[in-house]
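Note that the chains take the letters A, B, C, D, E and F in the order they are written out, and that residue 1 is the start of every chain.
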């Protein structure tokens, strides 16, 4: 595995997750996947969808960019294969608009399913019209240069979370969660089991049963010291 | 009245505001109610609706939660009665996703009209589909534990504003305002009077009359030192 | 030209940009105009549209307001002429709701095309229904007083960018960009040329051509030290 | 008790806490007092001392100011008596420099022990030279007007915490904590007991004993599921 | 005058303010100068001194840098003359450590009195030991590249304030204020008059006279509606 | 190696870096070490020293804590050996005061050199008196519970940077940088070489030589398009 955060390297071949497993994780959704893998893997909530309603999962092609410089996003295009999700980290906090409709057109032509970027995006309206999903920390028209190399497909930290190339990245209106490639099948199964379990709980709660009864919380609450007062 | 901010107490019976008055305050809307009660009662603007367009008002069932712990939101479900709005404060800044579709299902079954939470919410898309109104400081899939007691129905500070159990909480796309229960009737009347007054002003402004004439501002502006220059 | 940031002055007559040029800049959009004028003129990305989808451009009528005080927004109404965009700076950071549906009604009656405000706006839902475009740093119901004079039509800094009265302000879902009046025609032409140029690039990228080939980046990347690894 | 957050009122006579109890609370310090009263009463940590090393406690004279307007801080001077701490809340977020060396001179002449302000302070160096203690959210030279009334000695929320006039406010390098007047004696006693208890713990920890042994945590950790791995 | 915010230009000769006037402004200090020029010219309070106690004023040599790129700070060194203060703006928000002890050594050798930078600085401890004054938005070790041109000595916006080359920049523990070169003499005189005036007020306040009497506020307060309650 | 971010595990034995290498890295300082390892490894600049002037380096004992819960900091004490630096990550953003003088006493007794915590610290004054070095995101008296397990000595992301147990953590007034254990010797050597190189540059710059000459920047600047204007 290439060194974490190394600059100046573009890795061509990476192991990817199974497309079917990614589809199952996308269906389960971010909140359920996060729970199913033991409450790990979440990026910070400042990443928000540029347009609401998208839900994707795919193998991560990672980019490490320099502030104000989107050169590596062009280099990454060549590495993208159908089903990938591009994940962009930056060497420092930066809100510049590194990604817009031209790159989205190119990424879509490569089969890329979406972008997660710890920086800004622009052409917000066109991205929505194209239905190309983007999660970003800002919408900002600020243009970027192409002057300094970063890397493609090295391990990075994006919005507070470690991402290895080929990890499954799941994103929807609740945010973004990363599932290590080798755990993806197990997490997908756990997520589906959790979904089934929740369906029956949802029905009971909808019928008016209280969670503190359903989950047997009355005794633990008393032990923890909660006092009821009239 | 229970002590402000006290931990470890769940108060079962609280006095509530009149449902009809709450309805009138919801109709008037947050901006008008805030003006009508003398420009007080507003929560901080970082609370935003999870989905746009909702407008609710109801008696507050208050929750004081610990960071990363949504146990008290389950305890609060039992205290909710039709027409209530649940208001969640936390003992410290926290963005975790304390509320999602299961709790929303339970709260709806109890007749709760909406949630105002100084923390995060998740299952954003499902909340929108359910049309369950939530105002939160973040959308975050981060799961929470059930380990440490807080309180239900004690006075709290939520998003910078004091809330007593039973106060009327009014929330729409402009934010959230709190009306003390004992002032609710008077504020509703003042809000309606204000609305009527604004209708005629709106017509005159729409017809092209200037606000500085309508409000008689020319003389006070001159006194305050404003100089016109060509 | 009136002094930058001077308080207590309302300037009645300002030179405005050509309406046709403003229309062309609005059509080009913020991201393209920013590029076309050499990557200058952008306001900070914390300014966001109150409702999505609006796209306007017009000559700036500038306001310098005091915190918590919207008096000068009423004074500015008289200076507005059809096609103007009102730009509000504040003497210090402030999120109060200085602008709502009554002022929007008045501004629309004057022919004003939209508002850019480095403070808060309220009546968010009504502004959306009226389709009156507003870009603000917050949505906040907090009411303001009318007690202290600021200025109208002096040069100001709004959201980090210098604006002279009469400059063309272009705003859409990507943010807000300022074009100095005397450069507006040249920038409009450059923006249109850029748009044309991008159309052909978009087609080639959509057909699968890589940006690093299209833009001839392989050699510069190698020179800059990027290493490809398998 | 005057109404929470009411505008336009200056209350002359308030009940104050015992000076001796305040002195004991100041000696115990913010962190200990916060623990001793059940982990309540803390203001948000964005309040920081203008100069390090001060530690004070006193009865609160509360001020509710308007943004950009320090008029009420002048009104409050008349209400200050020896041993008081002035607490300033603002009706909205504001960083303006509402307090500087002239007001500090006046407040000191009145016997005031320090200022806690949810806004800005200025003349930072002079305040340090005078050794007049101030906790603020910003250091900012921005001047303020005297145009709009707020209140003195009404209950307010300052930096997220409810303060009633006459409550004991304790402040040091760790921040600011509020002790309700009627609980001050009990909290002072609890804080002193806690201090004694900590002294012996400190000695044992300094001697190398582990906290997990001293506090008997090994069994609860095992129950909670912690696994040790070599 | 060179165009505002123009990229790619280094202007060699600029008109500077009188050194004696700068010295008088430094002595008066930021808070007083800000008041003396009509409450304008202040930069945002997020700019803080890297080490406390410095107080400088000098003619601005302005730099417009790209994010993550300190090339223009090297270009600026050649333009610095004794008594100058270097002011660095960036084309977008950036916290990188653009300035450290080597540049400080060079700037000092040129006679530069200090640096105001809307980005990060590093080598904080050495800067303090050298007593080279720096005001920055961050202390950050993050290194920068030298790849993309910005400008030297064009008008810029730094931390929210317009700065022309040659304006007097005054900085101390209260922040940074800009005085337009052509107004510097008048502002220095006004500041000194203000200082004198404050001395007598300070004495009266120290003797226990109340500000509301000294400033004659009782009647205006009553007119504005303040009610005293016992 | 234990799984990244796994909860519920305390790893007893970790490989540590050579103490002598850590000492050399501490001497070189954060800014130089960051440069010497290719501009990687920096934590975000929001981590600040609780008291200025400390400079440490040591092998990381990592902690993954839950929000508002410092239980794992007690577990970590047992794993600390002389020369270690404790690094605390939290599963979500949290400013609570997880570390104070009692834990500092215990950690010091174990030989721990300092703490880097992506949360709050308290007892700020005592920490300074003890000269126990702490870098934190906040100073906050807010107490924490001991209710939910996290982990000790698993790989974590702290303040945006990946840390493996045993990595060398270097911290001073410029912030915190992480050096992977296996690269520590090489980075120390590179840092010392860099220091030597800088000494001669410093002398030449102090003598008035310009950086653009010293670094040979005039030609690259011209190529990059910089125009000099008089």
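Operating definition for what follows: a contact is a pair of C-beta atoms (placed from the backbone, for glycine too) under 8 Å apart; a residue touches a chain by one contact, two chains touch by 3 or more.
Quantities reported herein were computed from a predicted structural model and do not represent experimental measurements.
Student: Could you tell me the least number of steps, going only between chains that touch, from chain A to chain F?
Tutor: Tracing touching chains, the least step count from chain A to chain F comes to 1.
Student: Among the listed pairs A-C, C-D or A-F, choose the one whose interface is a repeat of A-B, with over half of the contact pairs the same by residue number.
Tutor: Same contacts by residue number as A-B, out of A-C, C-D or A-F: A-C.
Student: More than half overlap in residue numbers between the two sides of the chain C-chain D interface, or less? Answer same or different.
Tutor: Over half shared, hence same.
Student: Count the C-beta pairs in contact for B-F and for D-F, then report the pair with the higher count.
Tutor: Result: the pair with more contacts is D-F.
Student: Between chain A and chain D, tell me the centre distance in angstrom, where each centre is the average of that chain's C-alpha atoms.
Tutor: Using C-alpha averages as centres, the distance is 41 Å.
Student: Taking the mean of the C-alpha atoms as each chain's centre, how many Å separate chain B from chain D?
Tutor: 27
Student: Got the chain E residues that touch at least 2 other chains?
Tutor: Within chain E, residues 39, 91, 93, 95, 140, 142, 147-148 contact more than one other chain.
Student: Every pair of chains that touch: which are they?
Tutor: Listed by label, chains in contact pair as A-B, A-C, A-E, A-F, B-C, B-D, B-F, C-D, C-E, D-E, D-F, E-F.
Student: Quick check: in the complex, which residue numbers of chain B touch chain C?
Tutor: 30-31, 34-35, 39, 42, 45, 48, 52-53, 55, 172-175, 177, 198, 201-202, 205-208, 210-212, 215, 217, 220-221, 224-230
Student: Within the complex, which stretch of chain B touches chain F?
Tutor: 66-69, 91-96, 140, 142, 145, 147-148
Student: Which residues, counting only chain C, touch chain E once they are in their complex?
Tutor: Contact set of chain C toward chain E: 4-7, 38-41, 44, 91, 93, 155, 157, 160-162, 180.
Student: Would you tell me which residues of chain A are touching chain C in their complex?
Tutor: 2, 8-13, 71, 74-75, 77-78, 95, 97, 100-103, 105-106, 108-110, 120, 122-125, 138-143, 146-149
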